[in-house]
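In the part that follows, the structures are each spelled out as structure tokens.
Next come two complexes, and both contain subunit A; in the first it sits with subunit B, in the second with subunit C.
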Partner chain A sequence: MITMVTLIDLVLFTLLGITAIAMLRIRDLFAVVMLSGIYSLVSAVIFTDLDAVDVAFTEASVGAGISTILMLGTLALTSTKEKTPRRQSWGALLIVLVTGAALMYGTVDMPAFGDAASPINSPVTDRYITASGEETGVPNIVTSVLASYRGYDTMGETTVIFTAAIAVLILLGSARTTDAPVTPRPATTRSLELRPILRAGAKLLIGPILLFAFYVQFHGDFGPGGGFQAGVIFAAGVILYALIFDMDRARALFRPAVTRPLIALGVLIYAGTGIATLFFGGNFLGYSAFNPHHPAHGQELGIFLVELGVGITVSNVMMTLFFTFCGRRRP
Partner chain B sequence: MLPDLPLHLPPLHLAVPLMAAPVGVLWRRPVLAWGWAAVVSAVTLLMAVTTLVTVLGHGPVSYAVGNWPAPWGIELKLDILSALMLVLINGIGLLTVLYGRASVQSEIQASHQYLYYICYLLALAGLSGMVITGDAFNLFVCLEISSLSSYALIAMGKGRKALTAAYNYLVLGTIGATFYIIGVGMLYMVTGTLNMADIALHMQAAPVNRTEVVAIAFLLVGIGLKLALFPLHKWLPNAYAHAPTAVTTFLASTATKVSLYILIRVFFTVLNGAPLLASHLWAEMLVPFAIAGMFSASLVAIFQTNIKKMLAYSSVAQIGYMALGLGFGTVNGLAAGIIHMINHAMIKGALFMAVGCAVLRIGTSASGAVRVESWQGLGRRMPLTMFAFVLAGLSLIGVPLTTGFVSKWYLMMAAFEKGWWLVAVLIVLSSLLAVVYIWRVVEAAYLRPALPGSDTSRCEAPLSMLLPLYLLVAANIWFGIDTRFTVDLAQAAASALFQPVTGLNGGAQ
Partner chain C sequence: MSWTSLIDHAIGHYNYWVCVVLMMLGFYIVIASGNLIKKIIGLNLFQTAVIMFYISMGKIDGGTAPILVDPEKVSGPVVYTNPLPSVLMLTAIVVGVATSALGLALVVRIKEAYGSIEEDEILAADRASDAKEQAQYAASAAQAAKTEAAQQGHA
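Take a look at the complex of A and B:
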């Protein structure tokens, strides 16, 4: 029997497939970037349907939001037309087909979707589900796994974001970039100033977006969200302002002298929390040691600190990426 | 209260360079950035040696990050192989930083040098993180850190070709990492855990399963890409040839070695319990690729005019020897693979360092200095550098009294033990190819007159570069004569890897 959920899933997956194929076929890169945003948004909906709200939240803000803007920034520097390949590479197609076939073959023995007896519903997840609230004092299981049980991974992921910023600075942040006011904008950007509805709408939105970022940051313990999403949302707010109102003012407020130390600070707050727990007699990132009488309170403090570190690094990295892309003149 | 540092060393192997990198944003003056990287590398090397001593004295160390016991939290697990890798990574790291100062000054613009050292520290953190972890997903996270920083380091090379090389590596490396994570994801689906030992235990109990088969295939291809195992090596020659020389030296001696470590770790620890792999027959699948790599890459190396690219192809061939060691599927074969992994790090490190010395003195243009013709007459202009190149070259070929000979000796012994006489002959034959390409450089440097019109005055590299170079050359000879350190440790590590995983010894805390 086909339930409503199955039907929704079918529709969403069909949309996903169509979007993917369209991205492959279209040579206009502007359209491809837009479609990739749509692809992320549809994925986010699927994640929501799977009850993975935190993942959906991240996919929507990172995949559909910031990545789209960064890719558009890249197109502004390069070209919006894809070169048509000179020859068909049948070898590549063969490899892709073999890989796809292997993946399908692998699904045959996978436990059925939603099977309660599948290995994933093991003692590991059991403890996360039943005991994490008590052990970490944080009702959102995802946050407790991300920031505490597997907090060491998240420290690594924050470092990956930091590394990405350093890599972009190496590639684009050379003498070719200007920190000076951006020279006369091309007509397309300036024409935005003539669009009162866009400007009025943005004016209404930007304040709440920035506020929402703080809500997501500090409410991540209870609801979906946390440092990653908050950082991206905050950056998106600033970028929206920069795009619609005043690039130079946004850049002056979040200039490299401010953002670069903050990028570093976030990572240091995270890893520093780990070092601090050593001084309290715990293991690395063992937050319970902060409060020996109330381990859960110690956990809450630790999770708060590392999420703050993530938020600071992520938001500043995203702004740095955007401003570095925009500061670069078209070659 | 002061923490008991020796007890908490495991996470610090990652945390110290990881925290040193963001601090590095503060010192933008090249000399300060260099000093910071050098001090941090010295500290991490000291930590690595301490850990090796601890592991040798008291057996494997397990550490529960966040005080969460093993399958719930992330376990760090240090056995002999991990500790050995730590010493190798951090030792080569310190040497390349000391060596790299003059080289980096000449190859990278001053305003970017601090970013170079930050990236180096990140790569160091990622590589160290991979060898200390006992968690299959955590390994992926560390792989991302080290990969991303390596791409950026390679892109810092002079000329636009460095960008293309870095981009190709980025695409192929990302595919490799993605395949790895697909494999881990499928294993998680079958076992419900990410802890390496825990996965192994679950696999022992479960019957052979198609998801597991596909997972193993994806893991092998993914790691093979990062390892540049023939025929998945296409990214390596250009990446090594166009990166700054200090970067090439560091990556050639550490990054592919860590990939080999991952291959060993995944197939001997994580898949320890897989009934499918119990016979070690899977290993023999590596043999044809290993041998094809040994020959084809060596042959291509012979025809290279770019010395860096020649050595890069030679690396692909040497990876073949390491994979061959694994392919024997025996304790002695694995030990031989590990021995060659350590020895090759010293050999290639020394060779690329010598190239860097020559580039510093000959060249202004990025590719001109590494052409074989430009090296004509170099034997008289840079006698110390060229002498080091010859010694390291002899070691690469496998002349007795060098580490290269030790590697080949144990590989041959492993081949004889299996009764694979033909393979033993092929090892010798492929080594002869190394004679040809090393000889081409030696001939140009010593026997050919300098190009007309070129400078012929003496111009030896600075002492800051020669000392690390000669330290590595000395190591090549020292460990070629006194094999106790490398061989004994490698054999102990290999026999430990062949022990079945019997329980989770993590989480006892």
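Take a look at the complex of A and C:
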């Protein structure tokens, strides 16, 4: 018996496979990048179908938005055509086929899709589902596990994002990226700005996008959302402004001198919350210590603070990445 | 095994099979493509295949998104899909875009240093500059040997 959810799932997974095969075959890198945006969008729909709404949110904003733009920025600095290889690499094909066959063999024993008795649904998960509402006062289980139960992981991941941004700045943030406004370019290169429909549309959209980012940030406890998604959505609003209007104007509003220190501030807020819980007599990131009489209130406060830290770091990292890639002059 | 059970098995494992195919497509692009940007796109494919695999495993039939609902507003027990894969994969996606940005930054610097983002051209340029260096070294060594011999001849 096939349910509707399974049917949608089968169709979408097939579409995903077709998109990936097209990405392999096409040599025009611009088309490949556009296809990867479509691929991310289809992935986001699949995640919604599989009840992973928070992941869908993230994939839609990161994969279809930011990562496509970073790829395009790189194409503008390098080249948009892939060279035709001189020969087919049969060795690579053999390795891939053998590995693929081994993995396929591995799936034979796996529990079927949607099986509630599958070992992945362990007692740990049951505990999260039954107890997290009372312990943290946060209805969204993904948020409470992310920011409280597995807060250490998330702090590590925020630090990885921070480190990646530092590394990109070391590689590309040097002399050739000018923080000072450059001389106005000729009108032909600013053609986006001259298109009235794009301008009007962007003007209507940018405000709601930024507002929506704040909603996702602060409503993440109750519905899908949180610091990661909010940060990316906020950055997407700023990037839209920079693309349609002017890089320099956007950079004047969100100056590198402000956004770069904010990257570190977000991580500091996260780690600082952990240190604060130590001073309240709890464990590192054990938010219950904030309010010994109502541990759930303490948890809510702690989750709010670390999500805020994540949001600040992620939004500023994404803006910095965009400005660094797209502000660099062609060699 | 009867036909119906085979079909059930296929439907129950289709997600995993597509994940394996996606992963291998990404793997093939990483190995076989000479273009550095294409390689990074291949890595992204590989990564999304893993993410898709985890999320597929967490889904429970008849489940709903893991956001607690008010028990008074629904009749009967609510089944929640496993929240743990969502948590792990959500952060992986954001970390993934940050790390692929780092990869793209390296590609931009390679383009500026070598004038190309094709693997074979970069390797050829490396070999050419190596050969040039070795030739220079050999020439200067021969020069040094010659002057030494000349000095010994004087003595």
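Here is the rule we go by: the second predicted complex is superposed on the first by the 321 of 331 C-alpha atoms of A that agree within 3 Å, B and C clash if a C-alpha of one lies under 4 Å from a C-alpha of the other, contacts with A are read in each partner's own complex, and residues count from 1 in each chain.
One rule holds in what follows: a contact is a pair of C-beta atoms (placed from the backbone, for glycine too) under 8 Å apart; a residue touches a chain by one contact, two chains touch by 3 or more.
Predicted model only: the values in this text are computed from it and were never measured.
Residue contacts after overlaying the shared chain place A:Pro196 against neither subunit B nor subunit C.
Judged by the touch definition given at the top, the superposed model places A:Ile275 against subunit B, while subunit C stays out of reach. When the shared chain is aligned, subunit C comes close enough to touch A:Ser67, but subunit B does not. By the touch criterion defined above, A:Phe13 lies against subunit C but remains apart from subunit B after alignment on the C-alpha atoms of chain A.
Among subunit B and subunit C, the chain that touches a larger number of residues in subunit A is C. Looking at the shared chain after the overlay, A:Val55 reaches subunit C, while subunit B stays out of its contact range. Judged by the touch definition given at the top, the superposed model places A:Asn121 against both subunit B and subunit C.
When the two complexes are overlaid on their common chain A, residue A:Val314 makes contact with subunit C while staying clear of subunit B.
Residues common to the contacts of subunit A with subunit B and with subunit C across the two structures: 103, 107-108, 110, 118, 120-121, 124-125, 128, 150, 153, 157, 160, 164, 167, 171. For subunit B in complex with subunit A, the touching residues are 1-3, 8, 11-12, 14-15, 18-19, 21-23, 25-26, 63-68, 71-74, 109, 111-112, 115-116, 118-119, 122, 125, 129, 135, 137-138, 141-142, 144-145, 148-149, 151-152, 155-156, 163, 182, 186, 188-193, 202, 209-215, 217-218, 509. Residues 102-103, 105-111, 118-125, 127-128, 148-153, 155-157, 159-160, 162-164, 166-167, 169-171, 174-175, 260-261, 263-265, 267-268, 271-272, 274-275, 278-289 of subunit A touch subunit B in their complex. Contacts from subunit A toward subunit C in the complex involve residues 2-3, 5-6, 9-10, 13-14, 16-17, 20-21, 23-24, 29, 32-33, 36, 39-40, 43, 46-47, 50-55, 58-59, 62-63, 66-67, 70-71, 73-75, 77-79, 82-83, 85, 89, 92-93, 95-97, 99-100, 103-104, 107-108, 110, 112-116, 118, 120-121, 124-125, 128-129, 132-133, 139-142, 145-146, 150, 153-154, 157, 160-161, 164-165, 167-168, 171-172, 222-224, 228, 232, 314, 317-318, 321, 324-325, 328, 331. Per the touch definition, subunit C reaches subunit A in the complex via residues 8-9, 11-18, 20-29, 31-35, 37-38, 41, 44-45, 48, 51-52, 55-69, 79-102, 104-109, 111-112, 117-118, 121.
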